[in-house]
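Structures for review follow.
In what follows, chain A forms one complex with chain B and a second complex with chain C.
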Partner chain A sequence: MSALRALLLSVSAIAALYAMRSSTPGYGDITAPIAVRGAVGERVESRDFAFGAANVHLARQVRVESFGRIKEYSTSGIWLIIEGAAVAKTETMTLTSAEWLAGNGLRYELSQRFSTVPGYLPTERLEPGLPRPVLLAFELPEAAVDKGTLLVARSLVMPLAEELWITLGDKQPTDIKPSVTIARGSSGTPWTLAAR
Partner chain B sequence: MSEKRTFWICLLALVVALPLAFVVRAWESLREGHWLATQKAEIVVEDGAGQAFAGGQWKLLDMRRLPRTNDARVILAEFEASPTDPAVLSQGACRVRLIDSEGRRFEPVTLTEPIVREMYPEVAERPRCGVLAFTDAKTGATVRMAESFIVPAEARDLSLRIEFPGASDETLIFK
Partner chain C sequence: MPVVQRSKIRQRLLIMLVTGIGGMAAAAVSFATAVYDAANPVPAVTAAKGEAIDTGRWRVTINDATMASVPPTGTKPFEPKRFLMVDIELDNRSVTTSNAFMNLIAIKDERVIASPKPVYYLARDKWIASAINPNMPEKLIAVWEWPADRPEPEKVSLSIGKQIYKPRDNLYGAPNWFDDGEAAVVELAVTQDTGSSEQ
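What follows is the complex of A and B.
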């Protein structure tokens, strides 16, 4: 009887230890950024900065007009283009990390194919109290747009910093445009965006 | 020793050993956190007075507010340092920031603003605060520097904050 009890006890102890071992969060999870949730069309605040996504466009092709020359960026997937505004609150900074978290858990980094787009998020220096219009572009498979979330943070490698999680909500575009042209804007706006 | 007594001694040892293991493992982090949290000493200087700091005699010459856009202004800060200990000065890395009444921290801009070049061309030519400014200067000569910042139009009570890690643990603040 006592042997059976000892056996049961040790089996349950092993089971408990195994459960604890497999449910222990990894270092990456422990130090992951803290999510601040919001939606497109609203200003989402973190302690150090605020960001608002205003317009969302889907396109098969992006044309960038710069100094009279037009560069065409095609893709086998689609382009997701987000127009928004960002402002620093405590100190001068640049928002260097923007990712698209697809519904299936895959993360897509901000496209690095553009070098000359005015107002592109990682190139915009933000001074506290002075909002700047910013532009973001992701190159995605078509299926990754649905139920996706935009993640914006100051840096990828800052543990326990805040990260904005912005869902498309009802602002998800229904149609995919064949082409979107981004040009340098005149005074006031840094760029103009025309869909075709 | 009875079995019961051993059991209690072991249990008690566990109560002591577990927190001890935690503290030993976290000791370095705790010390580092404490070091980060402690405020660095500040030297506050008002009304354009001179002040010894990081191997030099420092002085704020001028802080001008220039127009930029409707809601933004350019702040042009001009200051000088006469090296008293050039060896110390050339060791450190100068870090300049502007702080407003709400505690917002503005970094200096890297490219000279057009308005500065236009209105104060001689100031625009001045070096920014850094090792280069001091190595290029002749020994004993006063080094005049300029930094510009972009701030919101409503920013008030601006103070210039100069840190010199490597040469001084203190922070110099011009009000």
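What follows is the complex of A and C.
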């Protein structure tokens, strides 16, 4: 009888330990950035910076005009281009992390293929109180645009920092343009964007 | 019971003896297998050209290898150079965009390695590749600059590395991908490009 009791006790202890082990959040979950939710077309605020996405374009090809030469960037999916503005609040900073979280949980990082696009988010230095227009571009499979979320953070390696989660909402473009040309703007805006 | 019975002492002695001998035997067996494994390494798995290799994080297919004097950009270098170009298909099976494939493929050679790291080009754009997105298979060209003082190879062996996912690593308990040796070795015949595509 006492053997049976010992056996039952140890089995229940093992079960309790297993339940605790599998329900404990991992280091990645504990230190994940804190989401601040918003939508395209509105200013989304975090403690250190604010970001607002204004226009969203979809294109099959991106042409970048720089110093008289045109470089074409094709993709096996589609290009998602977002025009917006960002401002720092407390200190000079650069927003180095932008990701597209697709509906199925896959994460697409900001495309690193351009080298000379004016106003590209990770190359823009933001001064406190001076909003700057910024440009973002992602390469995605076509199905990843639906139910996707734009994640903008100061850095990927800052635990417990704030991250903006921006949904497209009703600003999701309906048509995919064959080609979008980005050129350096003459005055005012740092770039001009022409769809074809 | 003022004194422990003699039979009980004998029983305890026996238990100590059995556990002691058992533990020592287990340690000896584990040490011997470690020594044996180090002395007899498992031969690398060979994969054929054009066969998809599952490396955990990536699905890699190695296609043709060519020697050429023009890199994929089409711009002929100022000084004549030779390039070993290998066509690769890559599929990112992980959940995020990654450029970890750049450390995955190496030339397997007993002598010095031709060039420590190849430069990767996107096949469709003929331009330097960046990170590869999940769920978007891409065709790439890996380009090694071949040293001028070495004879051009007839065939080349490529070693494809493997990465495994740990939901909790040993240091922080953070989820990450870790290198885990070699997934396969691919042997390829190298064809000569006569340079018809020069500009």
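Please note the rule applied: the second predicted complex is superposed on the first by the 183 of 196 C-alpha atoms of A that agree within 3 Å, B and C clash if a C-alpha of one lies under 4 Å from a C-alpha of the other, contacts with A are read in each partner's own complex, and residues count from 1 in each chain.
The criterion applied here is as follows: contacts are C-beta pairs under 8 Å (C-beta built on N, C-alpha and C of every residue); 3 or more make two chains touch, one makes a residue touch a chain.
Remember, it's a predicted structure, so these values are computed and weren't measured experimentally.
A.B. asks: Just from the overlay, do chain B and chain C fit on chain A, or is there a clash?
C.D. replies: By the criteria stated at the top, chain C and chain B fit after superposition, with no clash.
A.B. asks: Could you tell me if A:Glu42 is touching chain B, chain C, both of them or neither one (first, second, both, neither)?
C.D. replies: neither
A.B. asks: Angle at the Cα centre of chain A spanned by the Cα centres of chain C and chain B: state it in steps of 10 degrees.
C.D. replies: About 90 degrees between chain B and chain C, seen from chain A.
A.B. asks: Just to be sure I read the superposition right, which of the two partners does A:Glu91 touch: chain B = first, chain C = second, or both, or neither?
C.D. replies: first
A.B. asks: Is A:Pro128 touching anything from chain B or chain C once the two structures are fitted on A? First, second, both or neither.
C.D. replies: A:Pro128 sits against chain B, while chain C stays out of touch.
A.B. asks: Kindly classify A:Glu142 by the partners it touches after superposition: chain B alone (first), chain C alone (second), both, or neither?
C.D. replies: After superposing on A, A:Glu142 lies clear of both chain B and chain C.
A.B. asks: Counting residues of chain A in contact, which comes out ahead: chain B or chain C?
C.D. replies: C
A.B. asks: Quote the smallest CA-to-CA distance from chain B to chain C in the superposed model, rounded to whole Å.
C.D. replies: 14
A.B. asks: Could you tell me which stretches of chain A are touched by chain B in one complex and by chain C in the other?
C.D. replies: none
A.B. asks: Give every residue of chain A touching chain B within the complex, in rising order.
C.D. replies: That would be residues 89-92, 127-130 of chain A.
A.B. asks: Which bits of chain C are touching chain A when the two form their complex?
C.D. replies: Touch list, chain C to chain A: 95-97, 124-125, 127, 130-131, 133-138, 167-168, 172-175.
A.B. asks: Across the complex, what residues on chain B touch chain A?
C.D. replies: 71-72, 103-107, 150-152, 154-155
A.B. asks: Within the complex, which stretch of chain A touches chain C?
C.D. replies: Residue positions touching the partner: 26-28, 31, 71-74, 76-77, 99, 105-109, 111-113, 139-141, 144.
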